[in-house]
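You will see subunit A twice below: alongside subunit B first, and alongside subunit C after that.
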Partner chain A sequence: MATTGTVYDALVAIVGKDFVSDRKEERYFYARDGGLMPPHEPDFVVLPRTREHVQEIVKLANREKVPVVPQGAGLALTGLVIPQRGGIVLDMKRMDSILEVNEKARYVIVEAGVTHGALKNHLQKHHPQLRHSIPDSPPTATIAANAVIHGQGRLSQQHGFNSDMVSGLEVVLPTGELCRIGSCSVSPYWFSKGPPLPDLSGLFLGWFGTTGIITRLGLKLYPCKKMRDVMLALTDRAELVPEIMLRLSHTELVEDVVAAAQPLPLRFRDTFWIMAYITGDTQEELEFKRKAVWDALWDLFESRDVGFLSLPPAMKGPLLSMPSKDTTRFADVSKGGGFQYAGPIAPIEKFPLFVSKLEEVATRHKLFYSSTSRLIGAGHCMMFSFSFSFNRANPDEMARAKTALDECSKFALEEGGVLWKADIDEQKLLMDKMDPNTLALMKKIRKLLDPNGIMNPGNWEIG
Partner chain B sequence: MPLAKLQFDTTKCAACEAVSCLVGCQYMDFRDTDEAKKEWQKVIDNQDSTVLRSCTTCYACEEYCPFGNHPFYLIVERQEEKGILPAPRPIITMWINQCQPVGKFIVGKVEERALSYCFLPHLYALVKGKLFDGIAWSGIFGQEFFCNAVYLHYARASIIKDRLPMVVENIKNQGIKELVCLHDECYGTFTSLASAYGIDVPFRPVHYYEYLCDRLRELKDVIKPLNIRAAYQRNCSARLCPQTDHYVDDIFGLLGVERIKRRYDQENALCCAEVFRMAKGPAFADDVQRRNLEDMVEYGAEYCVFNCPACWDALADKASDRGIEPIHMIDLCKLAIGEEQGLRLSESGAEV
Partner chain C sequence: MQDYASQIHRCFRCGYCKFPSDYSSFNCPSYRRFRFDSYSTGGRLWLVHAWLRGEIEWSEHLAEILYTCTTCKNCVEQCPMKFAPDIVEWIVGARSDMVEKGRIPQRVARFFEAVHGYGNPLKRLRSQRAAWADGAREYAPGDEYLLYIGCLGSYDENGQKMAGALVDVLNASGVSFGILAEEEECCGNEIYMLGEMGLFQSLVEQNVGRFRDLGVRQVITLCPHGYNTMKNHYPASGGDFQVYHYTQVLDDLIKKTGVKLSSAAARVTYHDPCFLGRYNNIYEQPRRILQGVPGIELVEMERNRKDAFCCGGGSGNFITDLLAGGEDSPARTRVREAHETGADILAVACPGCLTMLTDAVKAENLDDKLVVKDMSQILSAALPAR
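So, the complex of A and B:
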């Protein structure tokens, strides 16, 4: 492992001494995330400001055979930016410029360190008629990292994964070349990440930084209506939840559909909460959509299996906030700030089975649980979270949470789900189950792009 | 311990010619007294009746009955016995779970005279300033002190009968002799529901309107008459304690507020209708709210004065949209003595 003064000095020469560290406190901090994966320290932490910095660092890493791990806000919870083999953690936060908003083609070009919170504020202030799909992670989550892990957000019911909304990439390849992906490779406009060209974005999205480092990203923007509202449907029959979600999607008037299941606070117990988000430029438009949502579930309402809860402002406010603060509240339910979830992407018909498994596993391991499921695409799949909170000062509880998560992941995989932002153990599960030819293709791609194997080693590592 | 039993006197109904409980109902169409009598007899005889399925649970028949014979409580009992769900099952389950006592409550520096904040956080925003000098911290809040009357909306008299004796005991155990109920559903429970079920209440419930009247008289020198015209939004539980309605006029009189005479006030009041929305759907609820608000506009209301925080949640924005200033009764009093409002629309605004 290169820990020599040569590498440190070379990094200082590239970004300046204020933006390189090999000090214990920084290495401690960058060794871990908020989840349950064991920590591992980097040798250096570097904060580049420009794409040229990134290129120089990658070239240096190739010369010195030093691992490089690009990092956004480090919020994935599954240890994806824990430097498993040490080396350089490339913290992208300083690359935080919003470079262009094209109002007419409805996209934005951002540097890799721009956060969802910053973009939200920017759009509200300067382009209030436009919005992007905000995930329910803290607002410090970066747009690029969220796309790389195939995140989802408030517009996923209509437009798919947040990565589907990428409209172009600029990437530093593992060998140091700067490469543009999508329409921006032949045009000044960043309106498409692929079509009508070969879609090369798939070489980088979902690879967790093992195939290159995104330095700039184009992201599709969508109309921002003047008003938003949320309607809350409740049922006590898990088997009805997929049907409810499908019917809501069928209206083609709902922007986001989320189902929640958890035993606490008490008002959640024994019922499933399905939130349907609607928007409108006028009260009339909102009212039309409210009626469509009611109509979609009317027979289930009449049979008394589904009800709509009238939401007082005190409840409505938190449900409408973007991102939702409920996730971070849940993260501290057990006190001690530990929280992690297995979030398989799966057909929505699996909801009842997954909920039942979650309850069973949580009871057996004496853990507090919750689940939030988001509809992706027009019912094509959902992200179902098996979430557990734990006290970081309680090693026994942490061990039980990890075991519970592993059980849930395996179960979801057996049931046809595909694990989302899989940790290195889950990546192995996925690769064990994967079609061998697909696996071989992935291996060829990695070898071709990263001949020295320096990019986030340990992840998507095919034997 | 066996559950309390409703004290209902069938002979009073047998002698009743008017059947006011049903004929007076705003939401069921019983203009024909004979038909009403027939249906009501079915309810008494524990047979299936359209009443049990049509009831909106507005509580008003409790006020309409001239004999104090608790027709509404009987309807709720019968609905539960027959498994008739006035609202979807998951909504009922949510309410039952949400308000169950689990040992999480707030007790202030309680004295013999105390405030009941019920289980309504809104009330903390309201209870401030001179009106509550010397008593604001003598308060109780939480499921352990929650009156449980809400289950009248959900055909769950059994929950009330199960939990109310514990609630009364919890209050008694605080050494409270006089309980000022900031939510009149609590007052209605302790003065009407409890006695209907033979549950002894070993403290004196005080309606917060009575409390406000007394305080306003003490503060009369600082009152600046408001000189406004206000519609009063009666709430469902006001039907359990109609004897308190005169306090509205008393308070308005002290503040220089004209209670506009309109179609839907007093006995003819319309509910805030959010319970209707959950039970019967949006068309019915929207119609009730529209008629109510249009009535306020038609009769020239400048303000809409709320008693119940849940009515506030249901109607405040909608009143404001029609140019009527929504205000809670406590805030109205504060306005007249130069203090700031506690409940404001902006506070309840959601991110857009």
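So, the complex of A and C:
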């Protein structure tokens, strides 16, 4: 592009030569993620260290009309940080300071590049009585990016989406101003992202970086009990899974509820695993909760519709690990290094229908599948994953996986689900189905905040 | 070497490879230094895959990305996939392809030229290989051990002090040993890691042939790099001798002979060399030795044993310096971590680590607070007066 020299030099002047690249190798890597969306190269990859860096870069991008795409670890798998129109990819991971933990108000303030792994370690080491909601994505996933995509984690059954646990934001607006959102806009404390003020966090969460760049984030922390355990209920009746999940949630004693389905190993086929995670400060507390889980499903156990599997340590360890390496290992099931999932957020009553669709689509496209469904809120909805693994060295299999994912997404949407971290094609599906006035409001918001249309263009792009 | 080209696409770029097991910090030396994802293991594997598929052209920058990997094996420890044990071999395989095509960074090419022409990567004279060796005699048939010094021990100033100290300790322990002096050849570990398989094989054959001619049955190496290649690569080329790193031998000797060590009051933290620890699972012997010295208080750095952070010197980077300096260099990061323990001494068991970390202490202006010493130097100082 004609301005390359000028923009490059200006970027170097902002962050230093070591942290700007316009070289082919960085442009290649940052042009894609681990999923199946087509790549598109940025012109520059930049690693800011401070919010002032981010402000200066955004101002530069406005002057030059260059797109800006903020990125965490790029693990959404749906191409949300693929720079569809080139421009500047901002890799935020150098902004990696954990700034404050307020133990009494139970929140942490982090810079945008802090990873879930780093926060987990920090809390375990310095504040062992506190924890945060760790997603199943790898530990390099950043807190901010996970909130922006409305991720879920270990505490989502109790406290909702990880974005519901945000307690404040600092954002660089698309025009370069630094803006605080929530209680931190009027107070030194970051205890609320909105209430009792107008909740402006909704202008940034779920927008995939199209309305601003989060530079700091407050996150709610929760009590960390001394002990954790997982109980495993099994059933071969898909239609019972929603009922089981609801009953577990009804106890109000369960940390996390996850239902899994996969055809291999063969002992897993046609069986649904429902994992209930419990915590306690004492063995007595843990035992009390075990009994509550047992009691909740007792009649189903007696009727032989549900069984409990006593887990050996070799199985329990991986299930209790946070994050779960087993989730990542699914990418290499077919020795091919790839998996992607469509993860609609949907009522849990859809579980049997979605499982049936998943099996049918996988069979038709000759793909290996799995599904993990996590309860969100007290049964208000679930994230159901239609997951397919694929071999990166097999273009045909990759194409089949993409087709299968698209089919599942459309199906889920037709059944009342809402697509999670939707790729640009799925965003179009969502917007086609959306209330026109809602869509018009989104358009107004984008135009108002980002008059030059520089922020992650191609995403949430309303015609 | 494996057919890496048919496997390398299996990396999912999940990023586990960047961390230690507790996720406390980034533990991949080149990623920690440069912070572009292209310098992580996942970045490297995806770029090599792209190069193999013709999606990107070879470039000096691509080669530098590949060669800034220190082959420290942190990724092997942390990668959750079944192919994890093969990752370093994939990196080496890709380097080997670049070597065959003559497309490698200039500094790496100079490293090969030096070893090829001079028998060592420092371009020092063969006749000076034993200039350090006051008190060590040449190996003679019947000696229990051959003490293999290696290039850094022979020529590098810090390495020479380390070698001298080890000779003192072995002499004091009554061990029967000798060195090869000018007849010693480069072990080839770095040559292997850098992918020059022809030169590597030539070095192996020379060393194995010489050891055989001399009737060597047991080798003690000064350097973990030499230990690694002699233990793990030489057997395939007829190397049928026993090989020990000196810390293994000293751990044994101290236990058996009951050598009395004088008090050396100090707070010491130990840095695990990659080729001793992650490559060969030797973690406890050096710690036992330190704990056996009266007055030494051993304190651990946050990242230790399998999670130890590499000094940045592996894969010839102690010479090629592709990771460059700066405050984010692995060695400087590591000495800051050592300093945080409150230690007076940063103990190492590798001449490469000794030099890398000694330089880093100076760069961090910690000279009056932290001194880097090899285990052999600590032990030598603790020997009873003779």
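As a convention for this text, the second predicted complex is superposed on the first by the 460 of 463 C-alpha atoms of A that agree within 3 Å, B and C clash if a C-alpha of one lies under 4 Å from a C-alpha of the other, contacts with A are read in each partner's own complex, and residues count from 1 in each chain.
One rule holds in what follows: a contact is a pair of C-beta atoms (placed from the backbone, for glycine too) under 8 Å apart; a residue touches a chain by one contact, two chains touch by 3 or more.
Everything numeric here is computed off the predicted structure, so don't read it as measured data.
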item	value
Superposed partners subunit B and subunit C on subunit A - clash or fit	fit
Touched partner set for A:T328, first subunit B, second subunit C, both or neither	second
Subunit B versus subunit C as contact partner of A:L234, first or second or both or neither	first
Subunit B or subunit C, by number of subunit A residues touched	C
Partner chain in contact with A:Q84 - subunit B first, subunit C second, else both or neither	neither
Partner chain(s) touched by A:N121 [first = subunit B, second = subunit C, both, neither]	second
Subunit B versus subunit C as contact partner of A:S371, first or second or both or neither	neither
Vertex subunit A, arms to subunit B and subunit C (CA centres, degrees, nearest 10)	70
First, second, both or neither for A:N456, with subunit B first and subunit C second	neither
Subunit B versus subunit C as contact partner of A:G337, first or second or both or neither	second
Subunit B versus subunit C as contact partner of A:S387, first or second or both or neither	neither
Contacts of A:S133 with subunit B and subunit C, given as first, second, both or neither	neither
Nearest Cα pair across subunit B and subunit C, whole Å	11
Residues on subunit A lying within both footprints (that of subunit B and that of subunit C)	none
Subunit A to subunit B touching residues, read off their complex	226-228, 234-236, 265-272, 290-291, 294, 298, 301, 304-310, 312-314, 316-317, 319-322
Partner subunit A, residues of subunit C touching it in the complex	6, 9-16, 18-19, 22-25, 34-38, 43, 46-47, 49-50, 55-57, 59, 61-62, 65, 80-83, 326
Contacting residues of subunit B [partner subunit A, same complex]	85, 87-91, 93-94, 97-98, 100, 102, 121-122, 274-275, 277-278, 281-282, 310, 313-314, 347-352
Of all residues in subunit A, those that touch subunit C in their complex	18-19, 21, 23-26, 28-30, 33-34, 45, 47, 73-75, 91, 93-94, 115, 117-118, 120-121, 124-125, 138-140, 325-326, 328-329, 331-332, 335-339, 391-393
